[in-house]
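Which chain is which? They are A, B, C and D, in the order written, and residues in each are numbered from 1.
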């Protein structure tokens, strides 16, 4: 297996399985001199951790981060930052019945085909538990961005058929953390919560979308041709478990505008050049233009349902599969910090890469 | 500038500006022993080249490929394959008036901000002309895939508000090349062509979507965690000029299914394990499962319109910009071979990467 | 800081400081299905650990390895293998006096210049303690090589002016571990030990050379042009602390042969094509040819001496520096497993890379 | 084949075979705004080109460079710089007799084993002709370094048994280009030339060493742990055809000094911190310390000799091989610009990498 590393200059390598000893991440390339505490990292992990509300999985993990290296006297030294989170509440026995089973729309079958030796306990390496390592690394990236005034804010913009129709600019994003579903529109948030509760009772699951906005990112980030800023954001988002789609700026809807309506006219503002509209989503030619960067990510419904499903076992025989274990009926609330973390990693990487653009 | 390289094992580096001496690509990592001719590469370039029909730009480029290295006695030697396409019909004077101008929704402003020294002739490096190099490299990747029985087929699935509503499985994709807009539904194709003609007359432009399906890809391609097959496809597609969104399998629509409906049940077929439905889009846990891989890409309307637009110049003064040059009113027909090429590059890379998955 | 990662397909990322919480490594890219135990890793670490004999540093570290991920039921799963070694005997107070001091021929000054925030405790990230992580990873690589029949054997070929003059082929390398200096010539070994003891008493240090031979490596490993097998070996060796030179095959001495004497004539042997001599060191054109690969690495004398030295502090003032702490008078005995580990990592990486050379 | 790319931020990809249409290089990552002309590149190529004197190969190549991209109005734009050199004097027929032959100490056998389909004309991709592409790219890197005041000077320090015994600091390196063998000691240069003439007449070949010094490189370049500045220099040098060894600073000789003699004492000079001696070769802990960086590279005698040699053919039969073609009796004079080019590429890359070391 490769592909456990992300980023060019600000890069991370994650490790760990759902039911192994620990998960973690090594950050390589963070500049020296950045103040960061384990509390700041923990705060982000707490937003992602299981059991944080009654609409998430009830697996009990404190997700306590331990810093093994790279921080000295409260500041980064530029040495690799190793962060480890011990697994505590592994009920691996819950998975013994899955040893020889391929769960529908999970990675069981593809891992078995590709690797042969498969850690079947809770999905092993394919578990979304891996994303805790991303969130921990993302906390460091966020702190670096803050040094440059850049902020990242994600929120749940739809659950199943309940969707926020307003643009991010019309919402008060500071309300996002006020409810357990992380939707800044409180009326819709309430509906989403009720929907998730009902779906859980029915032993079913739902998906939805996370929207995200990056503010105060100066012009110049992103590398043509292949490492366009939105291409790297797309890859980052699509590497998160359960994602099905990515769009930025006008997105798929932009297709329904003609060029004369879609073009973002420039205008000179007090201190900078801005655009009157922002269908470009803050990125032109793959490079940030100083406007807000915004995008949206689709998450499928969780594959583990508490219903009987027909499937097959490793011998190719048809079996009936019963849902067990502790799972989220909807990943969206916990996906918000993951989306933010991945966005922060992309922007941090491009911030560093941009330092060598010209003499 | 970095980011001109794509791929890990089967990798390409492209070069060249719209109005420079030539554009080209170096392929590094193609295995030895693959039969490939310049005619096969040329055939793909011809599908992308300007002036191929009255609904594309009238820039006259034969886009003739020259092979400089890497092929010996008709077969690859594993040495880098350098492919060069000379620029022939550069009317750089068409662009002199743009020297100090930032065209709306182009990369003029961001390149100027990032690099200072900007080749303003026809967009320079930011021009979609660069994608010819990708198509040339993609032709080699396609030939490699064919060696493993894998085929890739793209088609225009919508132009502005004219959309194919059938899934790829319900269409006869062999009809795609029968019309100049590359839509396999001939009635819709005719409507699309008429729309593009009307839009061109109005000096405006339209966008749309390209859909693509990859067939006969065996199970096991893709690398968790970050280099999931669909994450690499997403990046590949979003690196193409003018793209705004990517989705695979059930995509954004998948949000409107519950888990019980979205899950793809396994079934044992004659020789392999298959799924009854394919909301997964042929990829589970980031790894191909042997089913068809399919995805969809959104393209914005072309930014260059033949209408007056307000903009600003490099001094920050408001100016009126008039559309000049030879441009596509709609990039979709020419985008099809580009999407296919990028998909081929991703699959070829993962084919090679997969060779080291297990002992 | 970047550069904490090594390898292309079989790659490692190390982390940790001499006096931090722990050091460790994440291996990414090890194929699935390889049997490996923590005992096998520990055995290699024990060859490198401090305090193993009276001629090494007396720092007390058990260097106990903990496997955090990537091994399931005794075999690799292809998931990243995280290995952690806790630091136990950190006498960081020994280093307080060095906080504002630049020790001669150490990395104190260059780290301070480059990074600003410097972990001065025991050299921090620049400490050779980092190489324990390489040895742990190398143990996994060695096991992989063994699967292909490849073995790696290093030995001390000189300490100061006491040098083995015989070639590796004339020595009984199985005797290498019989003495604490790891020299297979027992008479010379005894002289080396006595020299090191005398040097230690004088508060001084000595360097030397490690030779290494790789056996049973089949033809075909190595990638022209830049990733020649010996170029990657050179980088691997020169990345080890305190190294000053690398040569393979005939090396610097080869300059004193004319082409007619230096060329290795081919001959057909029972099952394979071999060469009568091996000035090529088992590598031709950057690719292994099936003969023994052998090379030699120079290590400078340890920079920390137990004598007074003039130096300067961070304010640029001249100071007198007294040697403190627990240090090796000669790194050579402990360097052997490090050289072997780095060689194993290079060969393992090229074994995997070679799988994609031809159709 | 992979491994045709070198460098992390300032990176190059070379292509081309000895007797193909052309050789060339794509530079990716050069910052925008650097003034560079084709004449400056050509000047470096002229130092490497064949036929420049009677002691080099008589192959006639003008090695004329063509710039295909990346330079606009005399300055880099940060877009990839593609440089192409057409092959002109290919007497491929000279090589027909080698189609089925493995020349001793060449890459014929290993390429055949690894790739199957081998371009046997003049060594194909394994020919040192590839290094012209490096020299062209190195010219751009040198110009970038000059912007920062850094200069690189190589010279021939030995041919066979005729060796310069003085250190670089005792020589007048400005005399290096005054003679055709590129040795700054004119008496020794004359001896070297006579030796090469005699060796050529005897149909034999000789090797030697190139020494190189990098001046005015500020402190801070190099990345611990694996990408130490000297580790990257080692790899760069050992990737050049025919190299057998690398040493920097005190090198292999440094082994014969004790720590108390080898350590470089710091002293405060007018504007900077310097060391009284420089056994460290300008690099401490893998990072430049502001002193001169110097190193030495060993080149074996050219494998193609004009004498009869026993060898085998692809069927494993013993044959007699007669030397044909036009070859160098000694590569050293032409190796000097190659060594400089590779050194320039390493330093340029680390200059850019260093820009992200701290906040």
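Quick note on the criterion: a residue touches a chain if its C-beta (ideal position, glycine included) is under 8 Å from a C-beta of that chain, and two chains touch if they have at least 3 such contacts.
The structure displayed is predicted, hence computed values, not measured ones.
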Co-neighbours of chain B and chain A - touch as defined: C, D
Third chains touching both chain C and chain B: A, D
CA centroid of chain C to CA centroid of chain D, Å: 26
Distance between chain centroids, defined by C-alpha means - chain B, chain D (Å): 39
Chain centre separation (chain A, chain D; CA means) in Å: 46
Sites on chain D at which at least two other chains make contact: 1-5, 9, 14, 29, 32-33, 78, 114-117, 125, 356-358
Chain B - residues contacting chain D, complex: 1-5, 9, 11, 13-17, 20-24, 26, 28-29, 32-33, 66-70, 72-73, 75-82, 84, 114-119, 124-125
Footprint of chain A on chain B - complex, ascending: 1-6, 8, 14, 102, 104-107, 109-111, 113-117, 125-126, 130, 158, 160-161, 199, 204-209, 219-220, 222-228, 230-239, 244-252, 254-260, 262-268, 273, 275, 279-281, 284-290, 298-305, 307, 309-312, 316-318, 353-354, 356-358
Complex contacts: residues of chain B adjacent to chain C: 9, 29, 31-34, 78, 147, 352, 355-359
